[in-house]
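Once you scroll down, you'll see the structures, which are given as structure tokens.
First subunit A sits with subunit B, and in the next complex the same chain sits with subunit C.
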Partner chain A sequence: MQPTCRTLLTLLLSAILLSGCWDRIEINDLAIITAAGVDLTDNDRIKLSVQLFVPSPPSSEQSASGPSSGSTNKTVVRDAIGIDMADATARLQERLSRKVFWGQADVFVFGEKLARKSIKEPLEFLTRHPHPRERANLFVSDGPAENVLKWNTPIERNSAETLREMAILQTGLNVSILQAIEELSEEAHTAVLPVVHILQKDGESSPFISGSATFKDLRMADRLDTSVTRGLLWLRNEIKSATITSPVPQGGGGIASVYLFHASSKLVPSIKNGEWRMRVVIDATGNLNENTSTLDTTKEPNIVKLQQNFKRTLQKRIEETVKIAQKSGVDYLGFAEQFYRHYPKQWNKSKKNWDEIFPKVVVSYDIRLVVARNGLTGDNKTLQQSETP
Partner chain B sequence: MTHPKDERSTQPDVGAAPSSDAMPDNGTQSTNGSNTDNQNQAQQSAQQQPSQEQKASSNSTNAAYNSGIQMAPTPSVEEVLAYQRQLLSLPVTGKLQDNINTVRELFKDCSDIIVHEFDILNGPAASLVYLDGLSDMRLIDLQILTPLQHTGTDGAHNKEAVVKCVTISAMLEAMDFENVADKIGYGHAVLFMDGVTSALVYDVINPIIRSIEEPEAETVVRGPREGFVESIRTNTTMLRRRLHTPALKMKPIFIGRYTKTATVIAFIEGIADPNLVKEMEGRLSAIDVDGMTDTSLIEEWVEDNPLSPFPQLMSTERPDVVTAHLLEGKIALISDGSPVALIAPASFMSMMQSPEDFYQRSIVATAIRWLRMLFSLITIFGPSFYVAVLSYHQEMLPTSLLLTIAVSREQIPFPALVEALLMEITFEALREAGIRLPRQVGSAVSIVGALVIGQAAIAAGIVSSPMVMVVAITAVSSFLIPNYSLGIAIRFIRFPIMLCAGILGLYGIVLAALVILIHLMTLRSFGVPYLSPLAPVQTSQLKDTLIRTSSPHALTRPHLTGSFFNRIRIRTELYKSRRNS
Partner chain C sequence: MERGRISAAQVAVLSFMAVTATSLLTAPTVASSVAKQDMWLSPILASTVGFLIVWLLVKLNQAYPNQTLIEYMKKLLGRPLGVTIGLLYLLFIIQTTANVLRQFTDFIKMTFLLTTPALVIAGSMILVCALIVRGGVETVARFATLLLPVVVVLILMLYMPTIKDINAHNFEPVLSEGMTPPLKGAFRLMSWVPVFTFMNFYLPFVSNKRHMLGWAFGSVAIFTVILFVTFIFVYAILGDATPIYVYPFMVLARFISLTEFFEHLESLVMMVWVVEIVIRITFGLFSASIGLAQCLGLPQYRPLVLPISMIMVLFSYWGITNVEFVFSPEIVMYYLTFGLLLPLLLYLASLMKRRFGKQQKDTEEKGEYAV
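Up next is the complex of A and B:
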């Protein structure tokens, strides 16, 4: 054997002996966290509660009859109290037989009490630690976050999965850690997180996303209800699909609904004569879903009338959100960013008194809503009432 | 006879390769006998020099040999070899009895030698020597003995009369016993005549070969079903039947001092680089072994990097594959006794091609080629990736998949690496057993194998079900590689990669992949980079690498080595004009 070969071999062999697989960890030794909740205790400490996946192996009888479904979806909730997140995590690790693994945590829930104080501390941990995913969803819970985690969902694998799926549907907000951090770093330093509300009914609890919480300077400022949140989604251009229902005064007092499958919005700022203006441009296309009015939707003028109705309803909805935001003085609508981008000089001058300017911003609307298809039935004769002579 | 270590130093011994123009069944006519004579004499004089010295030194022991070697105390290896050399260096004399004695001494203790002594009608006394079974007895009876004993030579005592009498066209003349022994060894019949100082060699080889069958290792759905057999003459015939041109050259070379295996270098003059042929000849001539049993041994002698796991010569059993490669300017080695031809130079990508690629429609063949490359990657990296992700990068998996794997791995006592190695090694063992086992117990192994790599292993709690899936996919994908030796190389390099993955995770996989890639980059097959035309990039050849272009579009040949490059493969003027009209 050549000397070089021998040296190489020795080096390789020693590498095997020296390395010892330092980072290697088997799945069997992981406590897989699927969701985590952060609460504030009465004495201002952090209470970290985590939802852990319990892998219960299929017993031999079950394996014969295919994969078992019910028993594998077990989760447990464990909690620990610490000075900060890292401390709480360390204390949590003391109570677990397996290594805490953040890599699969998809959902982080902040308790309202903590949110009202400051979410700086948990966000700092989640962004600094290498393991938690940046694309994990953030939520604010109505009560203690632990309750959300403890909820045993019948449909999905666990409550974390339920919340994530709900967020993805985008009926409410869908905010990841990355998005929240981005928004907080923007000019207005505001963020909006979805709120999880636990509905108590017949002794059963079922959390769902109800409205949103607005943050200013890392502190929860306001609660928005569901319809205002929808208006907010329009302004933030996060609407994927929407159903708008409006009364039809021209058609005998019935109502009509349109399902918007394409929607986009744009904020166009302008400063004229010292007056700060914002034009909300909305472009939406949809199908007529329901029409109980007497309007014959096969006629073009009637469609135009319907479109006007829908436009009004939509504008009212957005106006309401803007009004609430301007009243509270917290700019979570993203106006500040737009002014900063389009008028950087003016913005830099009046950045400091933005909180005074924002409520005075004049908002105008430019909505283009098209009803593309009126449905298969057209003018529905069969369901019409007989005309009284 | 034993072969002690120092035997090499005593060459040339019995197995000195005969000169190339004296190929056993060259069918040389007696008309060019003079040319052969000159060469034989030159050879003879060159070889007599050392043997005469030895004769002088061992003169005292010669008597003992002649009276019978068995009576003397056990002779040393040198003595035995020297005696053999001495006998072989003897010229054919005019005395028939001397010649017969020499032949009998050479072929002593050979039960299959036949020395047939007879008188030619109206001619000299003669003796016909051949090996029983190797030579065709019917041919000897009808074409040699019948004419000689019934027609005769009309009193003439010279060899010309005998040559006229015998009705076999394939005839040579041998002047010394080395030549004679070689010819007898190949199955020729040698005729000694009283008063003639040379022996007549008649080609009466009895060809006992198996029939031509479809090669089992390289089957195609569409395409020729011929495969090479163990007889070199049949194999060269198969090539010649595909390339009816005098440009198809077959240079003979004999390898092995005892086996004297006939080997030919086949190439097409005008396409193949003459320097490539010269290089191959040079490498072959450096082979000095006592025996050559298969082309795989030649491969080990001529390849550029014998330590690499990757085959650097392409092996095939299909004459159509050899023909296609010859037409690309490559050269082929065919050896007697081996149904496998070697093609040089070989590249990685050429071994990833199946003959079927060229018999199916080009779009389909391209898709299959890509599928093959994809699954080769899976073979190499599949289990390693699984091990790395499960041991280091659990966050990379989708949550649901990780949870499912976590459930199935809950009761497994071993780490993922051990589990993977266990299953992969078991699979390799089963595969090997499947090849080696007698057919009768084959089904038993497949049943047990299905249990070992399957539900039973999972139920026993030794391996997890995802691991079984990974092993199964790897097993299937490894057999997509058309070249068996490349496939086996790729199957075995995945074990070190698995270890790297177990030690360093994905980082280890990348490191191992880099090492393999660098090795492949440095590999050369007869001067041609192993990864060509991918690295270095030969753009003109990518259309037969990444895709399989249809024949009218494969305009140029690959450029292999040197400046001798017959570039144009096809001419499309007529094709295009016909299509456009």
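Up next is the complex of A and C:
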């Protein structure tokens, strides 16, 4: 065969492959899921509701329609009921004209009813399926998860985006699928997920992250309110910034606040004479935010006094969380993991009795809190004098 | 049969890249399933076997400088036995390479191209590899060296953004159950390390043989370091969840989020994976082709490349219903038999033959077995 003939033949043969874009899919054939909610129906079935992002390409009609050409992207919520997640997804597909795509789903909300039963079902699906991302955020909703998805947000693009941004701000918990799986596979088999609460006000609903839900063996065990959750964040070393407000008894009954911009915590376990102890070491630095007490903040000893007050308030906040956790007997504080890491032998021996040991763990606190700066005013006499009768 | 000449460094690069190929993606799961938080120790323990294997191969090559394992086996064990074991050894090469091909197809089919027929994925992959192998030993070796920077840069791109997510406490408690778990982990890693034996098919073409031992050890050392670093990163980030994921390296890449902007890096994993797999398959395909030609006493190996490629595609389906088979502990024995035991026995045979031969032909010139 001539060399030119051979080249031509090769080129022609490679054309056969050109037709084979089996996995080609157009963006307007995809139902892009931005968030999904999983609920449990009354007959123990899984109800999957998804928030779809419908991209509408700019067309000539749109520009003609006038000023409202800004954001024409719509958010649609659809749902389907199935025996498990995979089945519900298949049912959902029947109701959609586009192919379900999980790759952009950043938020998964579990309804409380499902959470109380077990989150095994959705988590198994989300980790096994190749599309959902490990960084997607997990939430539990007060009431049905569907309502959270249906909510139209004024600020962000959709409610999924709003929830994700709220979680990232870290005033509450921020838990990804990977983190949840990691915690569940640790020694205590517990996890904590943030809770979305829908606030009804003036006929308008606005969901926000309020507190958290604790899980033991994949089942929701407890519901923690916001302040207990904050205490939990301190224990888990997930606090980014915090404002601590405490009364100042030394300063004429005023109040002072500090804004902590650096905070870190550490759990130090110890076992002595069969007594299990946990020392919580906290290191925090902050700026004075407000001071309505009569204490003169330009003087060093007064600052120390203020620090003492803040420390006490902070300790009380954390103590409360520990107390609630020990009372419930569910170790979501991560104590088990710490004991396992530092005392593997003792841990393996008494692993089975952990539920009995955990409430008896003696917790001590070692808090170092520094007020580094006093703000722009020093001894603010003017304001304090005008207040005194 | 093959007139190409390659350098010791090229063999080293080719070998460690080929062995790293599949281990990068799946080894963390296999090791962590038995060794848990001590899994980082497993590659270091496993490397001892790697060093032993390459030492044996280089020593054998020094005894028979211009021969591959198949050729000196025929000489050492006699023709009938040598050819029989040689064919079994070639079957081992073909089958393990076919397993890699299967893992590659499965990974692609599962995560990226769901509806593309598996035959197209496997076929196009093997076709590229066959073309490289037909180019000769120089092409095979240079291809690996050429792509080394690409792989290094991509792997660094995957590791660097994850540094901030590292939690060193995941490795505690250190060695809480003694050395047994990491040793078990090292044992499971033996389904990768013995692949270093394929190196024997490249050693005869090395031009600077004086440096071969150093480079061969370097090759195993780099492999160990890469695996060690991967294990550290994977376990520091995934922690106790490592054993539940089949491709933890992939999870790592998907977990990357650098300032919420640098995300969805799984395509980089895909690129690393494709490049590495090409190198791994060419590594095996060249070995099998030249080995078969020598085993059967053929003058050329190039005509065998395409038929063997087709056999590999077939082998990647025959008898493998589910890819989990590749991770079973039983397969380790298979790898060790051909990867470690065979070179070891051949080395012992060569020692014995040398001593025995010396006594017999004491007066004759002793040029052939000079070590």
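One rule holds for everything that comes next: the second predicted complex is superposed on the first by the 353 of 389 C-alpha atoms of A that agree within 3 Å, B and C clash if a C-alpha of one lies under 4 Å from a C-alpha of the other, contacts with A are read in each partner's own complex, and residues count from 1 in each chain.
FYI, contacts are C-beta pairs under 8 Å (C-beta built on N, C-alpha and C of every residue); 3 or more make two chains touch, one makes a residue touch a chain.
Predicted model, so just to flag it, every value in this text is computed and none were measured.
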item	value
Touching partner for A:E186 - first (subunit B), second (subunit C), both, neither	second
Which superposed partner A:I198 touches (first subunit B, second subunit C, both, neither)	neither
First (subunit B), second (subunit C), both or neither touched by A:I81	neither
Subunit B versus subunit C as contact partner of A:I255, first or second or both or neither	neither
Which of subunit B and subunit C A:D106 touches, first, second, both or neither	first
Touching partner for A:R133 - first (subunit B), second (subunit C), both, neither	both
Touching partner for A:N28 - first (subunit B), second (subunit C), both, neither	first
First (subunit B), second (subunit C), both or neither touched by A:P55	first
Shared subunit A surface residues [contacts with subunit B and with subunit C]	23, 103, 133
Footprint of subunit B on subunit A - complex, ascending	16, 19, 21, 23-28, 30, 32, 34, 53, 55-58, 60, 63, 72, 101, 103-104, 106, 131, 133, 157, 161
Parts of subunit A lying in touch with subunit C, wherever the complex brings them together	17, 20, 22-23, 103, 127, 130, 133-135, 168, 176, 178, 181-182, 185-186, 340-345, 348
Residues of subunit C touching subunit A in the complex	110-117, 120, 124, 169, 172-173, 176-177, 238-241, 244-245, 251, 254-255, 257, 260, 263-264
Subunit A-touching residues of subunit B, taken from the complex the two chains share	390-392, 394-395, 399-400, 402-412, 415-416, 458-459, 499, 502-505
